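Input: structures, listed below.
In the two assemblies presented below, subunit A is common to both, partnered first by subunit B and then by subunit C.
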Partner chain A sequence: MRFNFRPQSHWRFKRFRYRTEVLRCASCGTVNVTPRPVCRRCRSRNLLREELPERGRLVAFTVVKSPTEEHKELAPYIVGLVEFEDGTRVVTQITDSDPEELRTGMTVERVVRKITHDGDSGIIVYGFKFRPLVS
Partner chain B sequence: MRNVHVVGVGYTRIGEHWDESLTELMAEASLAAIEDAGVERVDGVYVASTFCEVTNNQAGISALIAEALGLRSVYGVRVEGGESSGMMALMEAYAAVASGLVDFALVVGGEKLSDLLPDEFNSVHSMTLPYDSMGFAGVTPASIAALLYRAYLERYEIPQEFIAQFPVLMHNNAEGISHAQFPFKVKLEDVLGSPEVAPPLRRLECFAPCDGAAAVIFASEDSQTKRSSGQTVRIGGISMKTDYVSPFDREDPLFMTSVALSVDEALLRSGISRGELDVLEVHDSYSIVAPLILESGGFSSRGESCPDLKMSKYALEGELPINTFGGLKARGHPLGATALYQVAEVYLQLTGRAGKRQIDGARAGAAISVSGFGTIAGTAVMLSGEGE
Partner chain C sequence: MARIRNVAILGYGGYVPRLRIKATEIARIWGREEDALPVREKSVNELDEDAITMAVEAAKYAMRRAGIDPAEIGAVNVGSESHPYAVKPSGTVVAEALGIPPNFLAADLEFACKAGTESLQMISGLVSAGIIRAGLAIGADTAQGRPGDALEFTAAAGAAALVVGRPGNGEVASIEYARSYVTDTPDFWRRAHERYPSHTFRFTGEPAYFHHTLSAVKGLLEEAGLKVSDVDYFVFHQPNYKFPFAAAKVLQIPKEKVEQGVVTHLIGNTYAASSLMGLVRVLDAARPGQLIVLTSFGSGAGSDSFLIETKEGLPEKRAKAPLLDALIGRAKYVDYATYLRHRDKIRGA
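Here is the complex of A and B:
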């Protein structure tokens, strides 16, 4: 078992990885993605849990042709920069599509997909990815 | 604060060292630096290695390095700051020597990456990104470089050829350099025709995994060394800054505030201006990172670094030669060691020991080290002078 797939360390991030739940600062509006006690911009402790919208805009994308060990079985895969209405940006995998179908500016939607698995007996790791909006 | 001098440097060839351990490489570089400096003693050992736990299953490495050098009962510390670990170790050693805590500091960086398979290397390298939001999801440093690359090409409406000139320059500078990983030229067509890593980024626009170690000896101004007469090189100023870990959380992903602030502060501490620098080392981990650093550091206006490169501003014969031994792309990027190579090479320039790459009359130089895409950046400014 590789250290970074300990179930507890994965489960700890479930709010973000499964639901794109983030911490919005009630004082300045900044979105802080991973859990923390104070806002990175204004240090306010007044952080409110919020789910990012299910839809965002694809700002840019690339294809990972030189993957990491834990993601190689899905390679080549698409990585894109997705921006939400409020300006929050996340870098994430774009799934269910070929690069040729994608264009910058298009609407993408959040789905839950397999990220990787830890051998034959370890955990299967899921998380969000985005895909072109099915209209 | 006492003035801090660079009094010696040492390094290994960068490449694949199958028969040598990380400890051996770092010890070799250290002994070469100690010999170069002609110092009798070292009372602080500063070790930079980004990934020794992962690549060598080793924690507490500073004691191993000290022992391998025949040193006992010294202060030994290991410093890790991603790709800028080496600059961070230099900064810690500088602070110790300047404050009087240490008289002679050995700063050595080393990395052993060639044992890793390519995908293992990518996993390890991805640790320099925020793991919980990026690395976990399969986002790699090369893919971030690709997203920034696209943004840059779009904003300034230039073709990829402009950016791809950076690796061409690096290979030109590395040609025939005995310690360089890739001591040969490449053509622009070769760069643009190399396999895609994460389009538009291509293989020859990326640094390659390697092994290497480099070392620098710092001494306080009043410490006696065999070089204490004649030419001296002083650390004019050194500065490091962090920034938000995702470039896309910053006001402008194409501007590295950490670079801007560390360059400003290091120059201010040195009492010189950008225009007085004769030679500059920049962290060209990926082709696109070099222009981002040159523009963030104020050496080119925004969007102008590629035209400046085309006009030979950054060539060996230009106004501000960069990476005179080939930079990260061609000399090599053994992560924790890289800033030590940068500083050693600036030292060679300022002491007239740069051989075929000597920039005539170089008296001031700087090295800029970056982790990731500006998550951490450090700048060291070095000034030559005459000893007593």
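Here is the complex of A and C:
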């Protein structure tokens, strides 16, 4: 069977995709997103598992109107840059909101949503997105 | 099933998507009279939401309130009639997203609108027997309704979750009694590979919803030796706004004991989450030491009924996550065309 989206690839990244679990290098502080034995920057093997915070600050955002094929069903959608307290930043989709409801500096929280799906018979890819804080 | 021993609700959570469609908008499209609509409006999932993502949201709130280490969760049961996969358990994704380590039992359940309370029954049994220390009971649905069918006015989206475990550490409530009542009654069904369910219109009322709901409640009260006046809140499955109050009337339950647990006029019928959602709203308002009777109904057909007593830990735990009314209150309205797109009713695009 031929898949447009490889289940093995999604499985390998699931800890990062579902709950932003990363490998932080204890030697140089670099955040490694992909599972790997050595730091992508300094090659140290001293990598520590860490879950990035659930809440961050929206630094910037834009609206994607011409998406790639795998994201076309969600278009138009918002992509934002979210910064955590320690300065770590992630690029992510911003969900549950319209562009006019967003402002830079606002607090956003992590949620799990559908990222894409491989037709009617392939896998559904879930992953984190951020949305304005519900309190 | 009868007396439940040493089983407590440690945390609870409800989730409602922010989108809504007004019943009058659906009536406008299908030329229906606007004076007898079953609900005011109903919730609609975002394009990136399904039963799994909503289960994660509700369970996250429940675990935050419980203040529990994910490693203590020994079972994850997800009740739904809209599991995104026909084969691949929703519980696997939900547990991974919540950081629950692999030593747990995952089960997806289906019993129309009572699959959520089935989850609660099974987790309670595992905890009571000492097989697990704690577990997650979840009801979640993005319910289906054929375009133009009566169900389209109510079939909604939402999730509710309970962390159930041993009492003794500031629990929210205790589960005291449980009772189920099940018969073979073909009031509503969906055959394999069908997109939308079929139902038998008025037959879904008296022989289905009312017979099973009333039988379960009466049996529970009899078993517990309680009268209606001893109970502070009654929560029913709510396929529409009228049914829970009609069931209460038969049992001579005052309206005031039912109102807090009814949300269907605002968000529609969230199916497997429906009665649990009512319980969540009651827990958002109840005081410690109050008695709640929670009764589900699932077509096919059956009801689960529980006697729940709130405990001292409720107010502190309640404050740790958003109230259900905060989620209901962030409503954004969509038109019928947008609703069709979000419910995947436009195919071939």
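By definition in this document, the second predicted complex is superposed on the first by the 131 of 135 C-alpha atoms of A that agree within 3 Å, B and C clash if a C-alpha of one lies under 4 Å from a C-alpha of the other, contacts with A are read in each partner's own complex, and residues count from 1 in each chain.
We take it that contacts are C-beta pairs under 8 Å (C-beta built on N, C-alpha and C of every residue); 3 or more make two chains touch, one makes a residue touch a chain.
In this text the structure is predicted, and so the values were computed from the model without any measurement.
S.K.: Clash or fit: what happens to subunit B and subunit C when subunit A is overlaid?
M.R.: fit
S.K.: In the superposed arrangement, which partner chain does A:Val91 touch: subunit B (first), subunit C (second), both, or neither?
M.R.: first
S.K.: Can you tell me whether subunit B or subunit C touches more residues on subunit A?
M.R.: Greater contact footprint in residues on subunit A: B.
S.K.: Give one of first, second, both or neither to describe whether A:Arg19 is in contact with subunit B, with subunit C, with both, or with none.
M.R.: second
S.K.: How many degrees apart are subunit B and subunit C as seen from subunit A, counting from C-alpha centres and rounding to the nearest 10?
M.R.: Approximately 150 degrees at the subunit A centre.
S.K.: Output check: A:Leu81 vs subunit B and subunit C. Expected answer is one of first, second, both, neither. What do you get?
M.R.: It touches subunit B, and subunit C stays clear.
S.K.: Is A:Val64 in contact with subunit B, with subunit C, with both, or with neither (first, second, both, neither)?
M.R.: first
S.K.: Which partner does A:Asp118 reach: the first (subunit B), the second (subunit C), both, or neither?
M.R.: Neither partner.
S.K.: Is A:Glu50 touching anything from subunit B or subunit C once the two structures are fitted on A? First, second, both or neither.
M.R.: Neither partner.
S.K.: Please give the nearest C-alpha separation between subunit B and subunit C in the three-chain superposition, to the whole Å.
M.R.: 12
S.K.: Once the two structures are superposed, pull the subunit A residues common to the subunit B and subunit C interfaces.
M.R.: Residues 74, 93, 115, 129 of subunit A touch both subunit B and subunit C.
S.K.: Over in the complex, which subunit C residues touch subunit A? Could you list them?
M.R.: So the residues of subunit C touching subunit A come out as 18, 46-50, 52-53, 56-57, 84-85, 93, 96-99, 322, 326-327, 330, 332.
S.K.: Can you check the complex and tell me which residues of subunit A touch subunit B?
M.R.: Touch list, subunit A to subunit B: 4, 13, 16-17, 33-34, 40, 60-72, 74, 77, 79-81, 89-93, 115-116, 125, 127, 129.
S.K.: Which residues of subunit A touch subunit C in the complex?
M.R.: These residues of subunit A touch subunit C: 14-15, 18-19, 51, 73-74, 93, 95-96, 98, 111-115, 124, 126, 129, 134-135.
S.K.: In their complex, what parts of subunit B are in touch with subunit A?
M.R.: The contact residues of subunit B facing subunit A are 117-120, 122-123, 126, 130-140, 142-144, 146-147, 150-151, 195-201, 244, 246, 248-249.
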